[in-house]
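You will see subunit A twice below: alongside subunit B first, and alongside subunit C after that.
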Partner chain A sequence: MSDASAPQRSTGGALLAAPAFAILAVLFIVPMILLFVVSFWRVRNFALTPDMSLDAYTRVFVTYGDVLVSTMANGSVTALICVGLGFLFAYAARFRAGRWGDALILVAIITLFGGYLVKIYAWKAILSTDGFLNAILVATGVSAEPLDTLLYNRGAVIVALVHFLLPFAILPIYGQLRSVNDIQIEAAHDLGASGRQTLIRVIIPQCRIGLFAAFAISFLYAAGDYITPRFLGGGSGTMIGQFIAQEFSTRFNWPAGAAMSFVLMAASLLVLGLVGILFVRRKPS
Partner chain B sequence: MPSSHVKPRHGLHRRGFLAAGTAAAAALMLPRSAMAGTQLSWIGWQGYDEPLKAGDFLKDNDIDLSTTYIGSNEEIITKLQAGGAGQLDLISIYFGHIPILAGAGLIEPIDEARVPGIDKIFPDFLDIDTIRMDGKLYAVPFTWGTLSMIYDPNAIAKPVSWNDCLKDEYKGKVSLTDDITGLITTWAPIVTGTKTPTRLTAAQLKETIDFLIKIKREHARTLSPNYGEATDLYARGEVVISAIGWDAQVAFAADKGKELAFVRPQEGVMVFMDTLAVPSGAPNRDAAYKALAQAISAAGQTVLASDLTQAVVNSDAVPLVDDVNRDVYQYGDFENLFRSARFDPFWPLQDDGEYASYDQVQEEYQRFLRA
Partner chain C sequence: MRQFRALLWFAVIAMLVLFMLGPLAIVVVFSFNSGALVSLPLTGFSLDWYRELFSSDEFWAAFRNSLAVAVPTALLATVTGTMTALALTRKSASASVPLLTALSVPIMIPPLVVAIGLVVLYVRWLSIPLGIGAVIGGHLLLTQPLVALVVSARMASFDRVALEAARDLGATPWQAFRYVTLPQIRAALVGAALLAFAISLDEFIITIFTIGSGNTLSTFVWGKMRTSLDPSINAIATLLLVVTIGSTAIALRMTRYRG
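After this line comes the complex of A and B, so read on.
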């Protein structure tokens, strides 16, 4: 093909991409810009007033600084657990389950069926004082009476989030493990590497992107969630998403809600940036 | 869906799919008026639209009902402020927000002559100042209730005071629900001695919130996101008494096979009322008035009582509701009710230097939620 066809190809590609870009612009970029502008406005008499005020941002740090930090912590812990369990599951499906590997992944995907609220209520049924877990603890003599500390705390929120997000973590990791060449693993063994050495020096370096993707998906979802902490967190498991929702709805304070959203976004990007450096800094040798 | 209605896999080929998709898209693009009669845009709590859906009201009046459900009353204010006025026809909202909406010109006065049956509404609800301003009625009462103390009669003796929930034997077994106005108006008189709990100085507000934080940390099982969740705690035996409750929980629990009881403690309880109002510039005002009349009619109110266990405002509906509903709401004895229950005015909308404004109340309440 001649060089003259290159600009034509480029124009054609741009035209093909235009609808997708238009949808992205209309549904995502434009609303984000509008929301960013509103974050500098004020609310007077329950009406938005254009302004260039930083009050909403100041308020985020003064009023919600502690909640923001605990949200980042909850999101990070949830994501790390998802990555750890997700890797174990995906590793078993790829290297240990043989022809049942794909079936295991299918099982993981099937757990997504049934919806999100169903899982929240399932965990309420499991962790409540008359729940399944307490029944086992009492029946086995581990506890003399039902424990009321299993539910309505940070731990319950993280457990429910991990349950919901684990399939989303498994899929990118499994995708990367599928691309690991068996010949390289056999070569490592032939050269005397132990199973542990093969895992650390051959397999994990080749699925860093998948691990990071799993962390990012789990973290971003967990950090922005406001339903799970509301139903399972009680008074001690609050997260900033709950307050963002309230600023937009109950308090009709859109500037505050918008500012909190952008600060949450910035904090999340910071966490992902740090984690990204750890996960993908070094290219596999 | 019956299995006989499931198409075979090969039944929908690509061309058929495209044709079906085109037809569906065309149907979606049709003007609503081409699909049905007058469209009525209604916004409010889920379930409050049931009186409109019951019977043949919509069909008889050729109305296509479009509903938007809310998670909080304030969403309606936000929606109207954000351009909803001129698009919405009928709203259902807490009576305390009516002065905000009327003050901002977001709702219009009710033309009482266009609401048949309005004379059947109990005067105790129709004639309160919050919905009548300058001689004009801005909202029509729709339902009401009291935020009473709920307790498990099979677990504890009948309480007499809100302070009973703070007894040591109930630690960790107290129900506490996320209800900003309910919690503060219930506890401010007890904590500060005020007679009007929606008129609090900054110091009184702080004192009340500090006390609520203490209840949350030291006495409550958890902070329930709504009264339905709180009722579940009673059903599971996790709580036996409440620091805030809603009389309808007794009926909610009965549906789950759990016996609960309510009491209006000696310090008094708050009365709430939800209303119906017509937004300014409602595009289908005639349909809105028809719907309003249907919602407060005896038939509509009976649906509200049977489907949602809500209290009725129409005196003609009282003989039609079931015994459980009549027992809970005691329609025949409003004089006795209002001895222990009160309508509080809404919070000041602006900071007047003396009393905390609604915004300041919400800011302090966030401290309670974060604690």
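After this line comes the complex of A and C, so read on.
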């Protein structure tokens, strides 16, 4: 290889990444900056007016403070359930299912690509008063009358979100469990560790990153979703995303929508940061 | 005791599989059921919902729009994502990981926020009309990082010696790519493109904010979901399931098991 061509090749290499990053810059970074700028503007006489006002942010905390808190709570509960069930499922696929392990992962992948709206619609059909679950409950005699309390509440939103996000939790955890060394587990057994001790002291410490990734993905998505609560949430299941969409597109209050978006992202990062710190601190040395 | 444990595991896994696949299975089964209600008992086999769907002009318009979005998205994302992956293989991990992460930020933040950012850009600053082109832009943000990740993973086990040899023997960079790199990564490229296609086809939130008027399949489904429990949704949902799961299944086969 000649010396002259080496630097030329590396600049050529960097240029290859240019289109993707140009798209990122123009369609993502610039819009985020614009959105941030707009969050300090005001709406006067139905027209956006440039300003340096904190009105939109005050409005977020005064009007939507409660919703923000319950959104973070719903997101955390959803993410915790996803991590718990996801670990159970991934653990079974890796250690308990034998040759069926791959089939279980295929189930997770099918669910992953099962369609976002389709899943929400399916849960409405399952949980509604004249729906699938009520038909089973009545037919088996568990309930004398169809229950009208299954749908339009926080529980319905969390169930549907867990269904949607569980595959996103399973896959990173499984990815890490796969690289856990069988020899270490056998060694732990041979040295007299119980199944529970092996789990806590050998297996879980090795998939810490996967568990945190599973929590982060589930939490971020659940906290930012607005279609699931809008369609299944009713009164008690409302979440901040619904109001962002409403302020932005129905009321044309762009500053409020923009400010709420940044508060949502900041609050989400804060929750993830706290969970991350707890996670790191509990690490046994 | 040991048998009891095995049984317990079996029960837990069966419940989880039922929880995951059950809702999808219900949609598929009821798309072939004659009754309008998604409830038991089943009323009999029927293809009426498919017939109703295929005779609807709105469905075909939405279908055409979905293809008009998903095909260009898949092709463009495959080009930009692959170029990025090729650029990054020449860099060390400490340089490439932050760049891949930066490219992936749009898939880590709420799609709602990406969507309203795009609307502010398109409508207020660029005065670009909303529509198919606007949707493709949004979908590129979501799909190009995934293509870059899939192709990078493939490049990690790439035979670089042949590439160096080709260059030393006087091949131009394009020739080296065309005759050495491409044949080795072709399966991964097809897989990545299908993945991008499936994601674009399913995407709803960015689509509904940026399409303006008209429908894609996902916004068409949304329109039906909001008005009533229209059983023809089961039929569209089943068709979409077949297409997205089919293309992802092929994608996974191509990226993992071949060459």
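Just so we're on the same page, the second predicted complex is superposed on the first by the 254 of 285 C-alpha atoms of A that agree within 3 Å, B and C clash if a C-alpha of one lies under 4 Å from a C-alpha of the other, contacts with A are read in each partner's own complex, and residues count from 1 in each chain.
By definition in this document, a residue touches a chain if its C-beta (ideal position, glycine included) is under 8 Å from a C-beta of that chain, and two chains touch if they have at least 3 such contacts.
Worth saying up front: this structure is predicted, and the values here are computed from it rather than measured.
Novice: Which touches a greater number of subunit A residues, subunit B or subunit C?
Specialist: Here the partner covering more residues of subunit A is C.
Novice: First (subunit B), second (subunit C), both or neither: which does A:Asp130 touch?
Specialist: In the superposition, A:Asp130 touches subunit B and subunit C alike.
Novice: Where does A:Phe21 make contact in the superposed view: on subunit B (first), on subunit C (second), on both, or on neither?
Specialist: Second partner only.
Novice: So in the superposed three-chain picture, is A:Thr238 touching just subunit B, just subunit C, both, or none of them (first/second/both/neither)?
Specialist: So A:Thr238 only meets subunit B here.
Novice: Which of the two partners, first being subunit B and second being subunit C, lies in contact with A:Arg201: first, second, both, or neither?
Specialist: Neither partner.
Novice: Thinking of the overlay built on chain A, is A:Asn45 touched by subunit B (first), by subunit C (second), by both, or by neither?
Specialist: In the superposition, A:Asn45 touches subunit B alone.
Novice: Where does A:Val67 make contact in the superposed view: on subunit B (first), on subunit C (second), on both, or on neither?
Specialist: A:Val67 sits against subunit B, while subunit C stays out of touch.
Novice: One more residue to check, A:Ser249. First (subunit B), second (subunit C), both or neither?
Specialist: In the superposed model, A:Ser249 contacts both subunit B and subunit C.
Novice: Pick one for A:Ile110: touches subunit B only (first), subunit C only (second), both, or neither.
Specialist: So A:Ile110 only meets subunit C here.
Novice: Based on the superposed arrangement, let me know which partner A:His163 touches: subunit B (first), subunit C (second), both, or neither?
Specialist: After superposition on chain A, A:His163 lies in contact with subunit C alone.
Novice: Quick check on the output: what are the common subunit A residues between the subunit B footprint and the subunit C footprint?
Specialist: 48, 128, 130, 231, 248-249, 254
Novice: List the residues on subunit B that touch subunit A in their complex, please.
Specialist: So the residues of subunit B touching subunit A come out as 71-72, 74-75, 77-78, 81, 100, 103-104, 172, 180, 216-217, 220-223, 225, 229, 236-238, 349, 359, 362-363, 366, 369-371.
Novice: Please name which positions on subunit A make contact with subunit B in the complex.
Specialist: That would be residues 45-48, 63-64, 66-67, 128-130, 148, 151-152, 230-231, 234-235, 238, 242-243, 246, 248-252, 254 of subunit A.
Novice: Can you tell me which positions in subunit A touch subunit C when the two form their complex?
Specialist: 1, 9-10, 12-17, 19-21, 23-24, 27-28, 30-32, 34-35, 38, 48, 85, 88-89, 92, 96-97, 104, 107-111, 113-126, 128, 130-132, 134-136, 139, 163, 166-167, 220-221, 223-227, 231, 241, 244-245, 248-249, 254, 257-258, 261, 264-265
Novice: Name, in rising order, each residue of subunit C that touches subunit A in their complex.
Specialist: Of all residues in subunit C, those touching subunit A are 9, 12-13, 16-17, 19-21, 23-24, 26-27, 30, 37-41, 79-81, 83-84, 86-88, 90-91, 99, 102-103, 105-106, 108-114, 116-121, 124-125, 137-138, 140-141, 144, 148, 164, 167-168, 173, 198, 202-205, 209, 218, 221-222, 225, 229, 233, 237, 240-241, 244-245, 248, 252.
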